[in-house]
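Here chain A shows up in two complexes: once beside chain B, once beside chain C.
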Partner chain A sequence: MLSLNILHETRLLSRNYWFISLSMMLLALCLYAGHNGMKHFERRQLDLQAAIENQVAKEQVVQEVALALSKGEEHPSSFRLSPTNVAIATGRLATMPATEMSKLGIGQSDLYAHQLKITSREDLATMSFNELTNPVQLLFGNFDLVFVITYLVPLIIIAFSYNLRSQELESGRLKLLASSPIRTNLWLLQRFIIRCCSLTAILTVALIVTALWIGVALSSQLLVFFLITYAYLAFWFAISYLVNILGSSSARNSISLLSFWIVIVLILPAVINQAANSIYPTPSRVSLLNEIRETKKELSEAQDQVLDEYLRNHPELIRNEGENAFGYWQGYFASQEIMEKTLAPLVDAYDQQLEKQQKWIDAWRYLSPAVLFQDGATQLAGTSSKNYNEFKGYVKSFSLNWRAHFMPFVFDNKMLDLDDLDNIPEFEYRSSIGASGIWINISVLLILSVLMALRGLGLEGKRQLL
Partner chain B sequence: MIFHVAKKEIKETFRSGQFKWMFGIVAILSLVAVFISHKHWQEKNLQREQAQEHARELWLAQGATNPHNAAHYGTYAFKPQFPLSLIDPGVEKYTGISIFLEAHSRNEADNVAAADQTGLSRFGDLTPDFILLFIVPLMIIALGHHSITREKEQGTIRIIKTQGISNGQLVWGKWFGNYIPIALLTTFLFILAAVFIQDFNWKFLATMWLVYLVYFAIINAITLVVSSLTSNSGISLVMLLTIWIVSCLAVPKIASSYTNEKYPYPTRQEFESAVAEDKKQGIDGHDPWSEASKKLEQETLKTYQVNRLEDLPFNFDAFRMQKGEEHDAEIYFKHNEKLREVYQAQSKVYKNLAFLSPFLPTRFMSMSLANTDYATHWNFADLAEKHRVEMQRILNDNFAENSKLGEWNYRADASLLSEVPDFQFDAPKFNEVMSSNQSNLLILTVWLLFSFGLLFFVSTRI
Partner chain C sequence: MSALLHIAKKEIRIAFRERLIVFLGIIIMVLLGISLFAGFVSYEQQKEIITKTENDKRQEWLNQGDKHPHIAAHYGTFAFKPKTVLSLFDFGLDAYTGTSVYLEAHNQHEFMFRPAQDHSSMIRFGELSSSLVLQVLLPLLIIFLSFSSYTKEKESGTLKLLMSQGVSANAITWGKILAYCIILLIMLMPFFVGLILIANATANNDSLPDVASRTALLITIYAIYLFLVITIAVWISMKSLTGRNALLTLLTFWTFFVILMPKTVANLSESFYPLPSMREFKAGIEESKLNGLDGQTPRSVRMAELETEYLEKYKVDSLSQLPFNFEGVSMQAGEDYGNMVYDHHYEGIRAIFSKQNRLGSIASIFNPFIATQHLSMSLSGTDLHTFNHFENEVEEYRRMLVRRMNNDMAENSKYGEFYEYAAGEELWEEIDGFYYTAPTFFFALRPYYLELLSLLAWVVFTIFLLKRSNKKLKPIHG
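Showing the complex of A and B:
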């Protein structure tokens, strides 16, 4: 039966103009989405390059001054070697380079900045990670491959399969089939699997052509991306299979499947997100602004005590040069640290709420396979919220190290020399987000597909053939 | 006759289990959306009002202080939350809501809500505009896709025609029959929102209601056009859903990707570097040794015909500070104008592409009427900058007029702080909003006429 079925389906599909034209459309959609992803990637790379060049030029100036002074020469810009100048004006660039996989899913990369200047003047509480973007673009989102697969491919699957059984039922052929010594639901499942394999093959070709065109090299991550796409496809074919068995007419099947699409792709993600925001609301940022100002004011009014307290916590910085040895900058950094400690509970509340929201979404994502796919695919692309939260963590931690590195120089009133410049901390971001979450998503999608297929097979002989 | 067809359609719709389910789900979603949006709106409103008051209290609490210290201490401008943002929060989630007003720097709006949310927020929020823009059109399609095809499939169209009804009357009867339940649902949603909002300008709300009714009228007409042209309900549904996906999801995303590729914004880092580079070329209020400062010094001495800065009738330090401030403001203005040009070029592309889908003009008009569009945000940022420049002028003038050169310990009376007005940002007037939306109105009208024209045309071909 299987070989006959394969032969029959292949003939049907090759003569079906809808199938051929939809396949062409799928290829065109993938290519266009890939093009958008590639352009976004190129722009990110160019911006990053420009920012790095700008930073290198700044550091070069400082290096030149240090080199001249190390040779015993005089330089009019020797002030550039002051610790505050290097720590604040020169600063360091924290970067999050784009991976090739980001061409597949733009994700959150249009919302956040990928290059941030780290300076000792920056407060952790008010550090901004947002990119300069037209908010209308953020509202509409991007036409990338993740969008095509999450939203459009399920509809193509529905269009291909909503009437596979009902068509036979409506034309009366199903009765004829049932009179043969075959299990009709198994026969139907085979048809679904053949169609699933056909579409998978077409999508694979479309994705490979797109990947080659936009320059995404073969990697384990790309393979996992293919796997999660297949699992998502399998889910939609499985749900269509079950609806075909339960539904009595093509019209009813199409309505039911489209309702599932609306609920899974549109409504559930919005409801899960809304619930996360309502259950774990983010504290008011606007109230924090005034808290920061009030704290800053109090600290500036009690500058001497602030410095005393700071030195009590950092005895290694105490110098035996009398009380007046420390000036504005020492007081400034002392206030900054104490202010951050004071505000830490308030600032941490945001991260904690965001973490709770993420946990809530992680727990409820199983309700919507669209969320499972999008979550896995954007993680693979390195553009998910998790990636950006990780990057933020790196930046905040580096920012503290950066400031701490210059404190002995500031309190020593010591200018930096060539050797000191070589020992300045370097920023390096390495993502440690594993693929375990993605494997769970793939497994859940496959388990759901198998369960629905088994349920369909279990209904053999229990549905009317009228 | 039209009335009879419409009555029969409505009766059938209200009797159908499918409609009851759909209506029930949409009504529950609307209630939840309005309730949650109202709750969030109230919380945010209270937070912003308190923050605005608190910022003013902190500003005034500085007491007698050096004017330049006060300028550095600065204050915040908060964007108020407008009542209709409860229905359509627009781009609010992606724009900042507060701007720090301080000496020497024009800061960008910060506190972007989307940055405090997970990636799932990009799927959309359950807000009234989400239901109106995405879900209600789907409901229209689900109810109307088989309006004509069903009559063809069941063969009842021939019987109906024997009753002496023209094709036009049948189609328009079906149009009204499909539209009236949707119009009632929309009106219910707006009344519900109005009850929750309470304090609003009825002109904005009524226009928004009308815009959505026009949007649904267009979708309803397209639905009936497709239903008239096809002979199978399944094909009609697939075609209509394709149109829906293209109009509501694909076209906005394509427009967004195309606009970004054609007119990209500079990165924040690029923008800030360019500003910093230009700032270096002019007067720095804190740097008396720079070439520009020396030049200003010479020019001022010449203008007042004195030989020493001490002989000037004002404090030259504060005067230089003000000149530096004016120079910085010019640079910020120049770079923000460049940014505005990009934004305007982008907006033009969006406006041109709005012809592709009735979703886009509706989306833009809805945001605009709710004062949650990008143009309102630009107005807020411009007004905040104007306020900042004026604030610096008041402080620097006082410093210059009441102190002597080098008198950095000068303290102005606390009353100086109240001379700086409180920041106030009001919603644009109704006429302003409507005139800025002329092209959207035009496109929506063209879509309405086009879809009705098409419906007239196909009604002759059934």
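Showing the complex of A and C:
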């Protein structure tokens, strides 16, 4: 039966005008989406490159001054070696370079800036990660490969599988089939598997052509991307298989399948998001801002005590030159640090509430396979919310280290020399988001597919043939 | 006329017998209810927080104590974008535009805290708002409801029967359209009544003016949009040979108009008119402030020219002989130059936004979904024009505040004495608090004339189409 089925389906598909045109359309969509991803990647990298060059030039100037002074020469810009100048004006660039995989899914990358200058002037709670983007563009989202697979591929699957059984039922051939010694649901499953394999092959070709064109090299992440795509495809074929068995007419099947699509792709993600917001309301940034400002005000009013209090906690920084030896910058650095410490519980409480919301969403993502796919795919692309939260975390902890590093220089009133410049902290973002979440997503999608196929097989002989 | 009513009655009866349709209808009503309720709760919360914070900020400004006006200008204040009452209906761009901005001398700070950054990636699937249900989901229900309106009559032969009894094609078509309109009216009535009540109850102390006319037009726009979907669905059913064909055609149209086209247009507009990055934008401003807009007039040259101008104008030898504190004047001159630089660069960005959005407006001529979406956001006060208006008002307020501080410094302090002069509450009180009022009804609609025209043209076009097809209707199947 299997070989006959394969022969039959191949013949059907090769003569099917819809199938051929849909395949061509799929290739065109993948290429257009890939092109968008590539353009986004290029823009992001170009901007990053320009930012790095700019920063290198700034650091170069400081380096040259230090070199001249180390040779015992005089330099008119020796002020550049002051700790406040290096910590604030020169600063350090925190960067989040794009991975090649980000060409496949733009994700949240259009919302965020990928380079931030770390200076001791920034305070962590109000650090801006905004990229300049048209909000209308943000609302509509990006036409990338993740969009094509999440939204459009299921529609293509529905378009060419919604009537596989009902067509036979409507033409009366199913009755004929059932009278032969075969299990019709198994026969149908085989047809579905063959169609699934055909579409998988076409999509694979389309994805490979796109990947080659836009320059995504073969990697384990790309393979996992293929796997999660296949698992998502399998889910949609499985649901269509079950609807075919349960449904009585082609029109009804298409309505049911489209209703599933709407629920899975449009309604559930929005409802989960809304529910998360209601259960763990996003804390108000406005209130946080208000409290931060209150704290800053209190600290600035008590500027003198701030320095005293700071020195009480850091006796190693006290110099013998007397009380008045410390000026504005020492007070400034000390109050910055005390402010961060005072604000930390506030900011932490805010972050914890957001974390609770995220965890809730994470737990409920299993309700929608579209979310499972999008979540896994954007993580592979390095453009998911998780990646950006991780980057923010890196930036914030680096920012604290940065200030701490310059503290002794500021209190010592010591200019930096060549060796000190070599020992300045370097920023490096290395994502430690493991693939375990993605493997869970893939497993859930596959398990759902198998369960639906088994349920379909279990309904053998229980559905009408008229 | 009675035939038309009979047909409408029969269609309604059939629709209510379809379990799937009734089920989907209930889901849509529940979703509308939930989204309206959740929108209202979030609106109330936000409003309370913003009102409280605005009051706090006002008190903070008034009670900042005696200090030099320039220090007060740096101390500055914050402005917050209030949620409009109709934003509970259409969230629009609220998740993607910043909510707070710090106002101080010398610098235009960017708007902080886009709510989308505090959400998971799931927000990119869209938010559950009433407008999403009405714009995206309800058309699907209409499609499911009406795809077989004609094909069923053709397939079962009842169309032939009806026409042989002298029922005109016009009566059949409009009877069906009337039936679907009544079904939608029954479904949506509670929702719109709820919306009107909420809008009415909160209209007086909201940042959105003309809430009544906005709500009325909003309901009209959606009525037109849904009417268009109904007429197109009935027309396609009339033109199709089988129900399956009609359904597939309608679903293809839906996918294209609602999912594919808006996203493609937005992406194409971004490719045609690329924006600079935030870094380039800020670097451009810094560079122009440093070396002048022409790249050849650094700050020191500009200041020297200003000094010479004042010395010559007042015929004195030194700045300290001027009858006012020159530092206040130079501060304001620096401020004015900074404003000019900012305007120059930001207008560039606005021009690109506008070109990008223009493409969306043009696309709305071909796609009533895009037209409805734009109009809905505009009337709800959640579109880009309202946000730009908010930004302009905030910036104007900031400039007024800084100017007043600089003028006070020029009038009341002496040249070279910075720490000796301190202003007090009297000066702080001269600066009113910042309370935002969104643009008026007509101002809000003005940029969307193409969208309005599009909807009207579509109504005329579909009525014409139906009239023509009614004349040519043949009661045969296949």
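FYI, the second predicted complex is superposed on the first by the 466 of 466 C-alpha atoms of A that agree within 3 Å, B and C clash if a C-alpha of one lies under 4 Å from a C-alpha of the other, contacts with A are read in each partner's own complex, and residues count from 1 in each chain.
One rule holds for everything that comes next: a residue touches a chain if its C-beta (ideal position, glycine included) is under 8 Å from a C-beta of that chain, and two chains touch if they have at least 3 such contacts.
Note that this is a predicted model, so its numbers are computed, not measured.
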Joint occupancy of chain A by chain B and chain C, clash or fit: clash
First (chain B), second (chain C), both or neither touched by A:Leu138: both
Partner chain in contact with A:Gln330 - chain B first, chain C second, else both or neither: neither
Partner chain in contact with A:Ile262 - chain B first, chain C second, else both or neither: both
Touching partner for A:Asn54 - first (chain B), second (chain C), both, neither: both
First, second, both or neither for A:Ser120, with chain B first and chain C second: neither
Chain B/chain C common contact set on chain A: 36, 39, 43, 47, 50-51, 54, 107-108, 111-113, 115, 126, 128-143, 147, 151-152, 155, 159, 163, 250-251, 254-255, 258, 262, 266-267, 269-274, 277-278, 281-282, 284-287, 289-290, 293-294, 297, 354, 357-358, 361, 370-371, 374-375, 378, 384-385
Partner chain A, residues of chain C touching it in the complex: 20, 24, 31, 34-35, 38, 41-42, 45-46, 49-50, 53, 56-57, 60, 78, 80, 92-93, 95-100, 102, 110-128, 132, 136-137, 140, 144, 147-148, 243-244, 247-248, 251, 255, 259-260, 262-267, 269-271, 274-281, 283, 349, 352-353, 356-357, 360, 384, 387
Chain A to chain C touching residues, read off their complex: 36, 39, 43, 47, 50-51, 54, 107-108, 111-113, 115, 126, 128-143, 147, 151-152, 155, 159, 163, 250-252, 254-256, 258-259, 262, 265-267, 269-274, 277-278, 281-282, 284-287, 289-290, 293-294, 297, 354, 357-358, 361-362, 365, 370-371, 374-375, 378, 384-385, 388
Chain A-touching residues of chain B, taken from the complex the two chains share: 18, 29, 36, 39-40, 43-44, 47-48, 50-51, 54-55, 58, 73, 76, 78, 90-91, 93-98, 100, 108, 110-126, 130, 134-135, 138, 142, 146, 233-234, 237-238, 241-242, 245, 249-250, 252-257, 259-261, 264-273, 339, 343, 346, 350, 374, 377
Partner chain B, residues of chain A touching it in the complex: 36, 39-40, 43, 47, 50-51, 54, 107-108, 110-117, 126, 128-144, 147, 151-152, 155, 159, 162-163, 250-251, 254-255, 258, 262, 266-267, 269-274, 276-278, 281-282, 284-287, 289-290, 293-294, 297, 350, 353-354, 357-358, 361, 370-371, 374-375, 378, 384-385
